[in-house]
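So the structure is just underneath, and the comments pick up after that.
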Amino acid sequence: MEKETLRIEGFSDAVFAIAVTLLVLDLHFPQENSIKSGNDLMIFLSNQWPSFLAFILSFFSIFIMWVNHHKIFKQIYSRNSAIMFANGLILFLVSAVSYPTALLARYFDGQASSVVVAIYTSIFVLINLAYNLLWFVATRNKKLLRPGITNAAIKQIRNNYLYGLPIYIIALILSFWFPAVSLLIILGLWIFWALSSGKIEMTLDKDYSDSLK
Amino acid sequence: MEKETLRIEGFSDAVFAIAVTLLVLDLHFPQENSIKSGNDLMIFLSNQWPSFLAFILSFFSIFIMWVNHHKIFKQIYSRNSAIMFANGLILFLVSAVSYPTALLARYFDGQASSVVVAIYTSIFVLINLAYNLLWFVATRNKKLLRPGITNAAIKQIRNNYLYGLPIYIIALILSFWFPAVSLLIILGLWIFWALSSGKIEMTLDKDYSDSLK
Amino acid sequence: MEKETLRIEGFSDAVFAIAVTLLVLDLHFPQENSIKSGNDLMIFLSNQWPSFLAFILSFFSIFIMWVNHHKIFKQIYSRNSAIMFANGLILFLVSAVSYPTALLARYFDGQASSVVVAIYTSIFVLINLAYNLLWFVATRNKKLLRPGITNAAIKQIRNNYLYGLPIYIIALILSFWFPAVSLLIILGLWIFWALSSGKIEMTLDKDYSDSLK
Amino acid sequence: MEKETLRIEGFSDAVFAIAVTLLVLDLHFPQENSIKSGNDLMIFLSNQWPSFLAFILSFFSIFIMWVNHHKIFKQIYSRNSAIMFANGLILFLVSAVSYPTALLARYFDGQASSVVVAIYTSIFVLINLAYNLLWFVATRNKKLLRPGITNAAIKQIRNNYLYGLPIYIIALILSFWFPAVSLLIILGLWIFWALSSGKIEMTLDKDYSDSLK
C-alpha cells in the first residue's frame, strides 16, 4: 500500500522548519549609538537573557513537536479531509508560536510576567489538543493507518499525547502565581518527550516487525 | 508514465509554506516602555483583534489554496511553459498575500476599512483567476494530464474553480459598502472548499480506480 | 545511472523559494496615524509604485532563474566540489537579490535612480556569470552529465546563457544614462527566456528520446 | 537496507536553506530622506562594508556546513533519539548564526570589535562540537551507518571534524587581540573544508565501491 501523505509531510516539514528558524528574528539589537565599548555590548546582551531563554525554549519545543509529527505520520498512510484540517490546525499553531515567544522575551522580566507565561503555555495547551485531535481523526478509520498497526501501538501513541494535556494545563494554571515554575514544567516535558519518544519507537518497531511475520 | 512535475510541486510547496509562516511577522508588539502591568498588555492585545483576525483568515485561505494546488497537481503529469508560468503567477500572488493581510490588520478597524477589504478580496479574485488559468492551460492538451482521467473529472475540477469566481467578485463589490460581510463570504468559502474538496476527491478516486479496470 | 544531485536540487529549490517569498517583506506601510481615510491610503499606495514594480520584476526574475536551474540540473547526474561551489555562488547571489531590489524600490524614483539600477543590473550580470560557470564546470567532464546527452544539446544550453551576458552588460551600461531602459531590457529578457526555454526543452527531449534508440 | 533518515535530511535542508537566506535581512538601508544623490548612496553603501563582509562570511560558512551535513548523512542510514537530538543541536546553532552575524556587521568596525568577533567565533566552536557529537553518537553503533562502511572511512570523517576544533578555538582566543585575524582564519577554514571535502569524497567512494565487490 502506497503512502499517500508524502506531500503533506513535506509541506508540514517546511512550516516547522520555517517557524523554528524565524525565531531568531526576535532577538534584539542595541539602539543605534548606544554601544561605546565592548563592555556596553556585554551588559546589553546579559540583559537580554529572557530573549535567549525564550528562543531556546521555543526552538526545542517546536523541534520536539516536529519529531512527534514525524512519528505520527509514519503511522498514517492515507489522508482524508479531517486529517488535512487537523494537520492544518497544528501548522497554524506552530507558525504562531513565535508571537507568544516574543511576548515572553519582552515581558517575562517585568510586571506582565504572569500574563505572558499564561499566553505562552496556552499555545502549548492548544497544540497538544490539536495533536490529540489529529490522532483521534486518524484512528477513527483504521484503513487510514499503516497496515498491520496493532491496537496497543495506537493506544500508546494516544496516551502519549493525552498524558501531556493535564501537565500543560497545570503549567497554564501555575503561570498566574509562579510563572518561572510553568516554564520549568515545559522544559521538563522535553525530557519526558525525549524519553517516551525512544520507548514508543521500540514498541512500534516491534509492532512493525511482528506485522511482517 | 512518470510524473514530471515533482520538482515544481516541491518548489510550490515551499513557497506556500513560507508565505503561510511569514504571516506571523505581521503581528505587532507594544511600543517600548508602554506596558507597565499585565493589564496594559491585555488591553493592548485585545485592541489587536483585527491583526489576529487577518492572520487567521489569511493562514487558512493560503492553506486551503495549498490543498487545492495539491489536488490539481495530482492530475498533472507533464509540464510545458504555459503550466510553469500559470503556476508562477499563482505563487507570485500567494507570496503577495501577506501585504494586503497586513493592510487589513492595520486599517480594518477605521476609516480606510472599505479600501483595505477591497484590496484584500481583490487578491483572492486574482488567485482564483490564476487557478482557472492553470487548469485551462493544463487541460488544453490531455497528454499533460494523468493517464485515464475522464472528461467528467476534468469538468468537475474546472467548475469547482469557476464557481468560486463570481462569489469572490461579489465579495469584492460588497466590500465598498459592507466590508465585514465581504470577509464573512471569504470565511464561508473555506467551508465550501472543505466540503467540495471531499466530493471531488471521491469522484477522482472513482475515476482513478475505473481507469485501472 | 542514479541521479546523485537530488539533495542539492532540494536545497537549491528551498533557497530559491525563500528568496522569492521574502521579497514581499520589502513592501512598506504608511507611518502610524498618517492614514485618516481610504483616500489617504490610495494616495500612499499609488506613490509606492516603484516598490510594486521592483517586487514584480525581482519575483519573476528569480522564478525564471529557478526554471533555468531546474533545466540545468536535469542534465547533471553527478556532482563534484566544483559543481557544489558554482551552485553555492548562484544561491548566494539569488539570496542577495532582495537587497538591490529594496534599494531599487526606495530610490528608483529620485536622484539616485542611476546608481540603484546599475547595482540592480549588476547582480543579474553576476548571476548570469555564475550560471555560465556552473555549466562550464559541469561540462568539463561529460561523466557528470545525463548519460547520452549530445554535444549539440550541451552547446545549446551554453549559448543560451552566453547570449544573455552581453545583454545584461548593455543593460548595466545603459543604466547610467537611461535607467528605465535598463529595466525594460531585463523585462524583455523574461520573454526571451520564456521562449528559448520552450525551444531548449524540445531539443533536449528529442536528444533524450534519440539516446534511447 | 532502506535509508530511514530522509525526512530528517529534508527538514535539516530546509533549516539550513532558511538560515542562509534570512541573512540578507541583516543588510541595512539608509535612514529616510538621508539620500539626496547617487553619491550619498555610494557613500552609505561603502560604509556598510562590515555588513557585506559578515553576510558573505556567514553565507558560505553555513553553506559549507550544509555540504558537510549532507556528507555525514550519506553515511547514516538509521536514526535513534541521540542522532535526532545531536542533529537538533546543530540546527539550533545554525538557525542562531544570523544573530552573531548581525552583531559582527554592526560592531566589527568600532570599539566592541573584539567582543563581537569572540561571540561570532564562539558559535562556530559550538557548531564544530555539535558535528563532533553527531558523528560520535552515530558511530557508537555501526548498525546505524551505511552498510559496508569501513573503519578507515569512519575515522577520516571523525578526524576531519576533530581537526577543525583547535583551529576554531585558536580563532576564538585570537579574537581578543586580533579580531581581523580570527575572521581570516574562519575564511581560511573554507578552503580547508573545500579541499578536504574532495579528499573525503574520494575515500568514501573507494570505500563504497570496495563494499560492493
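When the chains are written out, they are named A, B, C and D in that same order, and each has its own residue count from 1.
One rule holds for everything that comes next: contacts are C-beta pairs under 8 Å (C-beta built on N, C-alpha and C of every residue); 3 or more make two chains touch, one makes a residue touch a chain.
Just so we're clear, the structure is a prediction, and the values are computed from it rather than from any experiment.
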{"item": "Steps needed, at fewest, to go from chain B to chain C via touching chains", "value": "1"}
{"item": "Farthest chain relative to chain A (centres taken as mean CA coordinates)", "value": "C"}
{"item": "Copies chain C and chain D touch via same or different residues, half shared test", "value": "different"}
{"item": "Copies chain A and chain D - rotation angle from C-alpha fit, nearest 5 degrees", "value": "90"}
{"item": "Between chain A and chain B, centroid-to-centroid distance (C-alpha), Å", "value": "26"}
{"item": "Chain B and chain D, separation of their C-alpha mean positions in angstrom", "value": "37"}
{"item": "Multi-partner residues of chain D (each touching 2 or more other chains)", "value": "10, 14, 18, 22, 25"}
{"item": "Chain-to-chain touches, reported pairwise for every pair that qualifies", "value": "A-B, A-D, B-C, C-D"}
{"item": "Of all residues in chain A, those that touch chain B in their complex", "value": "7, 10-11, 14-15, 18-19, 22, 25, 80-81, 84-85, 88, 91-92, 95-96, 98-99, 102-103, 106-107, 110-116"}
{"item": "Touching residues on chain B, where the partner in the complex is chain A", "value": "9-10, 13-14, 16-18, 20-25, 27, 29, 35-38, 40-42, 55-56, 59-60, 63, 66-67, 70, 194, 197-198, 201"}
